[in-house]
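A, B and C are the chain letters, set down in written order, and residue numbers restart from 1 in every chain.
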């Protein structure tokens, strides 16, 4: 770790995994190329040397089975961290995640819980085209029985590992791949904020902007631009998509009466749609303008950079939406 | 084989047979709902394999798992109550026929996705190996599962990592309505498993003694570190895939042929040859089983329904577990 | 005696056709024996009897469709002639002992608790918008309403307080107002020809130094001129009500604006007295925009102290208008036409506009009107005063 406790998101995740594995022998990491390769995004670099091949396990390309194996191992006393290289590949393991991990506790009438952690990288923006650019964390947040975390900050990248491992039920952690290089402050002694707590990252009085993952930073950039136009935006880091922190969201809506959401998923049936529905249910009379959202364009992600940029949420789009909402009020 | 073992095998198989027959009746009169997949004709496999397992081994089965549950020692009462949807059922009425779970007997379902249980078995065995526990995970599945990707992924992984899994393929030649020849390019399933460098054996699934013997050897091998074992048990289901099935895909003559060499018939012959048949007092066993099943039905009939206010339970665990 | 019923073979099986009996009355049957065939959506399935006994009676003939649970035959068991056998489940039992559904609690809709704090006025967004348009104060409304303010409440308040007309309703409103006006108000008419050339060229010069956005239109100039003239001749700015003439302190000229959907609306340019020329222009701009967008305030619809109607762009030279009661005057402006004009004994072409005044003779007389028109004219001849 560097001085001033400044470190990268990647290193923070690595520290989080290391810390957990040092404290608890039951924790192990399993996934494609986590060992000898050092991790597709270099997150687990050096861990094989430190913990050995019994605990840093390279799997063949069999997402369904190694995820299912994670479920079985978790049910049978271990604390596995399954790393699925990207959310795009997790679709191969969807049956295990949805039909087993999320449901075993229920199907067995409460007898068998599944304390499994699955980490996946997510998001577009690297010109990797349609099959490698998905953001499906909102989709997974649809499923009862799972918990879905989206660490945006370096601190959360570190502490959510521990939070997830301490949870008796399956937890999915989504790490936006463009965040791995981002820098931030890490305090390894800080008490982790619990799952389900959203955090106001920038207080404001005119407009609430809800965001998660990499979108948090796009929202903060937009807030700086809006400040110059005398629009004081309140930016909130959602941190977990399932469960959602209704209380923090509604309190902010009550304060500003105007709200927008930044969501890298496609808008149809998205987490932004869910949040809007909740605001409608719980704070309808607080709204002074229709809610807004900036989502990815409804198109499979294109390869060409200008097209991809146009498809993704961007600070300039957030600013435009914010201004439109302010005008409507 | 001694008398006690003969009695055990016969009564377990008969219990399964009569239990399943009762289920037909109850399903027909809408007491049991949803799907019902009967194990009639395949009893020898569950009974034979369970005989080779110890209490701390784990069992993962499919939606055709009543026989396995009974042979593993889960009470007829709790299974029946489960199918009645009562809270006294082994999964509190939450699972039904396809999701029998019991922590005490390390019975992990009851899985409704074909092939879905194999990865879990691999994981459970992985944990046992990591924690250096002397246990076997027995994973039951049918010939249909062999077509699923998860079968191949799981056998590969179990072999690669030398995990203590006993894969039991109950080959009854039909995956629902599709005969084996229409779904497998290589119908010799043991050969397929062997290609993953797993010790594979084919055994007569109608003969409980052979199944028991093979399973016993397999468990010994696994526990002595020889890696996973694949046991292909050749069997036949006498009833349809599930209750609502006109069996248009197979001939009645074929069914009857198999009925003539069914597990109870085969075992009776076996005992008669050894002069043990009269000694096991089959009628007493029959009567006792009748009573067991009647009690189970009464138990289920008198059971309670979980209050609707508890609907959203069991989505998440009640508190943090260390 | 027990009944042999049409079995349920699946949740989606509602009925089947009894195709064939494999036994007849008097036959002995054993538990598990197939005694009939039924045809289902999936094909023909054999059905079995669940007890030992003798077929007592066949209740359903072949090729009959029956619902699940229909008694198909009667079976007499060996042990008990009359009693219902223990091991099979009779239709009666099936009906009465069918698993009772726990009564669904009265379906409470899945609605989350509304957590609005008490001091916040609970008005729907639609209501807020409407209230804003009409210039209604929500706080006032909230006092009288209990709980939530919805659109309907705003609309009903609007009906009682304001004339916010829709296109056809507007016509009606205009019709009745004009009839009333014509019937009750004794109108007098005066007109004057105003040489607009000096003012227009002056305006051109001014506009050269202004940005496009800040440019001043002749209409603003005219309105300003009216306002200044009213300051000099205030009697025309006010109301005739209940037999009394009330002069308004404030000048709120109603500006006639044509709406796209037909009809004319004359919202007031509130507080025109305190505006200079460019402020008048801005206010006019804003008023027209909000009129077209339907976002006028209540006061603008009710506080006109005089009305100005400019039909010049439609080519009309003289406007003989009808006063909007309770106002006491209407100023009409015609088209600005190139006209021969005598100046210093020479005939030149000047841009000339006819200004007419309709006055309520109860409130003022011709002399007052003439003074007004004269003042109006003079101001426009000396445009610097407009600033």
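Here is the rule we go by: contacts are C-beta pairs under 8 Å (C-beta built on N, C-alpha and C of every residue); 3 or more make two chains touch, one makes a residue touch a chain.
This is a predicted model, so every value here is computed, not measured.
Q: Graph of touching chains, which shape: line, ring, star, complete, other?
A: Here the contact pattern is complete, since every chain touches every other one.
Q: Which pair wins on C-beta contacts, A-C or A-B?
A: Contact tally favours A-B.
Q: Between subunit B and subunit C, what distance separates the C-alpha centroids? Give it in angstrom.
A: The mean C-alpha positions of subunit B and subunit C differ by 67 Å.
Q: Taking each chain's centre as the mean of its CA atoms, how far is subunit A from subunit C in angstrom?
A: 42
Q: Please work out the Cα centroid separation of subunit A and subunit B, and write it as a whole number of Å.
A: Taking the average C-alpha coordinate of subunit A and of subunit B, the gap between them is 40 Å.
Q: Quick check: what residues of subunit A touch more than one other chain, meaning two or more?
A: Expected reply: no residues.
Q: Help me check something: in the complex, which residues belonging to subunit C touch subunit B?
A: 5, 7-13, 31-32, 40, 42-45, 47-48, 50, 68-69, 86-89, 94, 97-100, 102, 104-105
Q: Applying the document's contact rule, which stretches of subunit B touch subunit C when the two form their complex?
A: Per the touch definition, subunit B meets subunit C at residues 21, 24-31, 33-35, 84-85, 240, 242-248, 294, 301, 305, 307-309.
Q: Going by the contact rule at the top, pick out the subunit A residues touching subunit B in the complex.
A: 28, 54, 59-60, 62, 64-78, 80, 95-96, 99-100, 104-113, 115, 144-145, 147, 166-169
Q: Which residues of subunit A touch subunit C once you look at their complex with the stated criterion?
A: It is residues 246, 250, 254, 278, 281-290 of subunit A that touch subunit C.
Q: Where on subunit C is subunit A touching in the complex?
A: Against subunit A, the touching part of subunit C is residues 111-117, 120-125, 128, 148.
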